[in-house]
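Each of the two complexes below includes subunit A, the first together with subunit B, the second together with subunit C.
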Partner chain A sequence: MRNTPASWGILQRNTLEVFYYFIKEETIQRMKLFIGILLFTAVLFSLAPGKGFPAQTEPSLAATPAAVTDDQVNAIARELYCPVCENVPLDVCPTQACAQWRDLIRQKLIAGWNEGQIKEYFALQYGDRVLAEPPRRGLNWLVYILPPVIFLAGFLILFQTLRRLKNAPQTDSPASPPTETIDPYLSRLEEELRRREKE
Partner chain B sequence: MIANFGFGTLIISFVVSLYGIGAAVYGARRNALAWAESARAAMLLTWPLLTLTAASLIYLLVTGHYEVQFVYNVTSNAMPLYLRVTALWGGQAGSLVFWSWLMAAFASAVTLRSWERDREFQPWVIVVSLVTLAFFLGLIIFLENPFVRFWQTANGMQVVSMFQPSGGALLLPPDGRGLNPLLRHPGMIIHPPMLYLGFVSFVIPYAFAIAALVTGRSDDRWIRITRRWTLVAWLFLSLGLVLGSRWAYDVLGWGGYWGWDPVEIAAFMPWLSGTAFLHSVMIQEKRGLFKRWNLILIIITYSLVIFGTFLTRSGVLSSVHAFAQSSIGPLFFGFISVTFLISMALLLHRWNDLRSQGHMTSLLSREALFLVNNLLFMGILVVCMWGVLFPLVSELFTGQKVTVGPPFYERAAGPLFGALVFLMGIAPLSAWGHSTVKTLGRAVWKPSLAALAILIVAIVSGVQNGAALAAIFVIALTACITVYEYGRGVAARMRRSGENPLAALWRLAGRNRRRYGGYIIHLGVTLMAVGIIGIEMFQTETQGALKPGESLQLGRYAVTFRSLAQFDTPDGRSVARAVVGVSRDGQPLGELYPRRDFYYDTQQPMTIPGVRSSIEDDLYVLLVDWQPISSEGATFKVYHNPLVNWLWVGGLVFILGTFVAAWPSREEPVPVRVPAQLVTEP
Partner chain C sequence: MQTNTTTAAPRQLPLWVIAVAFVLLVGFLGLIAWGLRRANEGPIRIGDRVPAFTLTTFDGQTIHTDDLKGKVIVLNFWASWCKPCEEEAAALEQSWQKYKAGGEVAFLGVDYVDTEPEALAYLDKFGITYPNGPDLRTQISQMFRIRGVPETYILDQEGKLHSVKIGPFASSAELEAIVDRLLE
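For the complex of A and B:
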């Protein structure tokens, strides 16, 4: 930085300018509304009670033991995560502990539990981390809401930038020449292609 | 003592780096050429010094000096020579040494270029490189010293320290603990170096960007200088990612290649922002727009590079990759924050000098579409970043540990990837500056017909999944457009100069390597997308316990259990190896040998699949379990992975395209034409 004393002032001024550059008055209004709605939704969701343990814990006696195949066990295990070795799906985890958990799934299946009940049971026993995704309640909603919000904000900024650049008066220079003139070969090629198109 | 020697060179290179930083800053501020030159000499000295450090460590590894803790942790007597050498990056301390060594090599290489046109950049490029290097060297020396040894003190205590405690004697364990078996694979020999090369070479464009900001040069000189560096960085990062996926497919035994594991994502994130950067710099070069955005992108990429190294090395996020865990997390976090804030402050300081110099004429112009490309890459980046960070946020605020797994990423990033592939087809057709629906439409209708034909073929052959059909159409469209673009160029050349098609293709690509290399990369991506769609949407699996002679049926394939043998190998494994016969529609296709290796030294099992691979599909057989007496039977898991080989072939095409784009041209030395209207006086 060439002139240090002035630097801080420039920094501050520029920071403000950047802010206004992206955010116009009307946008601020819209964003306030948007954030309001967002907060309201978040509060609503966090107030909503999480799904409790299913009332029905009595096993129904429908399934017969022989009917439970490895594939049925794996279909559930692949959507659960090993409670001890993190980030390893239960169906492929080679440890002894996971083999026992897969056996547990099998027993529950034999006992007539369905997939949802087994997952709930695992989540209750070992915490939400055994689920492949955070359950949709409370703070966890953030994981689902934030990326689309940021993406939309990015889209908005992009759109405004494009519009502003498009409407901007031509500034310092005559219209920048199309690049192709920079590379004489390319312009010849484009010319050739255009001629071909017309034929 | 070799260990002391290695540590000594490490200390000297750290001191030299600190000196270089000081000399460069002083030289630049006082305009003292001698100091700047001295800083350059310091920069050049780091690489030979670190070469000595790395060589000492490799010597210790190869000769089995188990009194050195690092050597004890990652090698054992049973390991062959090549694994002992590559064990250098098998543990945290060694891989930091390796990282620094690569960093010094790249930074030294860049100081050797000719600097006549941009002498004012040089000291600042050196400062940025050396600050990065000094940070890593400091970490190694103070926290992760690979040269610490085991000592026995006079009163019989065992201590780990760099220097001899008073009255202490060296402890020499007879054997080491051995490398994590997951890392004893040829893929692991080249995958980490490629990734690290990609990481460190992204520091170079960042260093030039900072130099441009500090010196107040607002033209696109820094971009033109680093264009090839960026491509090389990107090439290595891409290679690292592809090799990593291949390694996962071959070794991890889950039937897939990408598990959205935090560490995979950590390596993927700089690639995302780097790819966005590669595209958006073209807008600045061609049209003088979005200078600020390019600087933001390279700053983000640098932060993500450090973040990636941090995630793989700190163990802050537990994952299958968390081989090396330690307490260096907060320091990494601090370094990332400080460099990021300083970079952004510099950018804000120069904000007004970096106005766009053109204006946008059409929302369908190439530059507008490139911006949409950037938005999509950034969108995927946000999804990845948030997915990686959220478990920490959750643990911090609620104490509840959660997993953010593949379903989240696939749902959130899948459509963005689809849109990217679509854009990849359309954008090359639009022209810089001006494009209309009409000009785009005229260029696109023929390839669209071809893509439609492919879609109809897919429907007729029984694909019913809507998402898959949409993906197939988009991929087909993009592939057709890209091939069509090539065809147009070749035809134009043939008409003009009467060359035969092959010569025309060769010369066409040769004359504008960047453009046609880019198209080859795009083709590679579409091929990879075919493979990804195949395995992600059409993978099937089954599992069953078989007695000898029994078979497991999966689609048209049958897997028959023949026999199983258990034996010990000289390199310290207990191997259970099954022989299974494979047939399709009753036609025998040969045998596969899925096995489970148990490593005695580390007490860890490895599941090695038996794979029958063809361009159409892979049959991937895992040995899950077996009875002690093999005649009683074994459990197998069988995956059918359609089209997965397209992923690897596409990866090769992709890398080839990057080579074409990055290869130095002989015919025309890199043009350094700054259009007159883009030059501003600093």
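For the complex of A and C:
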């Protein structure tokens, strides 16, 4: 026989009430809207231009050497990593090699290259590891797709679970005494034991 | 009070969902295993056959190591920002001049993570004439798993790694001693 303590029943009921409060029909609609916004944001983020591996674009007009400022060079250098030092962004790297690369960025800007083309050139010369963000191609897509997909899957599972809890019939109520549910097999067993005791 | 209750069987996911999830999980684990295996691969060892690779030189010439079968290959990794590389630059060119006419030895210079203007200035400064090119996407250096520059790898006529020199050669004689042994 299994007894359900009254306190447990009350706790369970209170917890369910809290759940129900949060998953009213109105709340469900809001959740759907929230999921929609999340999906839309994820898609929008993955397609945002200027992020990740740059697309080949037409060269812009060439700038004069004086027109290219250190800030412009560093803005691109910040998005690149030193190919020989470990985890050092190019804009703060103190080595001679990094100074050469920053100068190369300046030369490319003077030649009229844009940020995307310069990043592409660096990736071609030194490998994708110099890019601050993995380029969006091949297996690298997993880095961008998996986290939002896993997050959304987790959110949907939580949503479904809460919804199921809401739809489940309430078994405990303070007005009625706790009901005992007996397994038919257990009752047969108890009956058999009682019969044997009598014998 | 005793009541018999019938408990509803727990809702199960469709079989195809479970199968797809399982395949995705196995695929993802396989991908991680493949990546880890690649990351833990050691350098090419002495006696190992060196995989074929292509070097595109600064003047646009494409050299396939497959085409150099039967020749001893002296593969030197360097960079214009590398001071120790300068110590051996003249010695390498001197050795190249010695073997150039014979056609039994090929010298290849691989410029490791460098900028082209500085690299060309370096080649000009030391009068280097054997084929040199950038290590595009660092594919060649990754294959050899170099630890720095300069490093020189000498491949025998069968394309197997014969010896490795970490750091600069002290003189052309040091390099030529190794190459001559292979040519005997």
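Quick note on the criterion: the second predicted complex is superposed on the first by the 105 of 199 C-alpha atoms of A that agree within 3 Å, B and C clash if a C-alpha of one lies under 4 Å from a C-alpha of the other, contacts with A are read in each partner's own complex, and residues count from 1 in each chain.
The rule is simple: contacts are C-beta pairs under 8 Å (C-beta built on N, C-alpha and C of every residue); 3 or more make two chains touch, one makes a residue touch a chain.
What you see is a predicted model; the values in this text were computed from it and never measured.
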Just checking: does A:140 make contact with subunit B only, subunit C only, both, or neither of them? Give me first, second, both or neither. first
Look at A:155 in the shared chain and tell me whether it touches subunit B only, subunit C only, both, or neither; answer first, second, both or neither. first
Touch check for A:165: first (subunit B), second (subunit C), both, or neither? first
First (subunit B), second (subunit C), both or neither touched by A:67: neither
Classify the contacts of A:81 with the two partner chains as first (subunit B alone), second (subunit C alone), both, or neither. first
For A:94, decide between first (touching subunit B), second (touching subunit C), both and neither. first
Using the touch definition from the top, say if A:127 reaches subunit B (first), subunit C (second), both or neither. both
Which partner reaches more residues of subunit A (counting touched residues only), subunit B or subunit C: B
Both partners, subunit B and subunit C, contact subunit A at residues 127-129, 139, 142, 179-180, 182
Give the list of subunit A residues in touch with subunit B in this complex. 1-2, 7, 10-11, 14-15, 17-18, 69-71, 74, 79, 81, 85-89, 92, 94, 99, 127-134, 138-140, 142-144, 146-147, 150-151, 154-155, 158, 161-162, 165-166, 168-180, 182-183, 185-186, 188-189, 192-193, 196-197
Partner subunit A, residues of subunit B touching it in the complex: 214, 216, 253-255, 259, 261-262, 286-289, 318-320, 345-346, 348-349, 351-352, 356-363, 368, 371-372, 375, 378-379, 382-383, 386-387, 390-391, 393-394, 397-398, 400-408, 412, 431-434, 442, 488-489, 491-493, 495-496, 511-512, 541-545, 596, 605, 607, 625, 635, 637, 673, 675, 677
Over in the complex, which subunit A residues touch subunit C? Could you list them? 83-84, 95-97, 100-101, 103-104, 107, 123-129, 139, 142, 179-182, 184, 187
What part of subunit C is in contact with subunit A in the complex they form? 1-5, 31, 79-81, 113-115, 117-118, 134, 136-139, 142
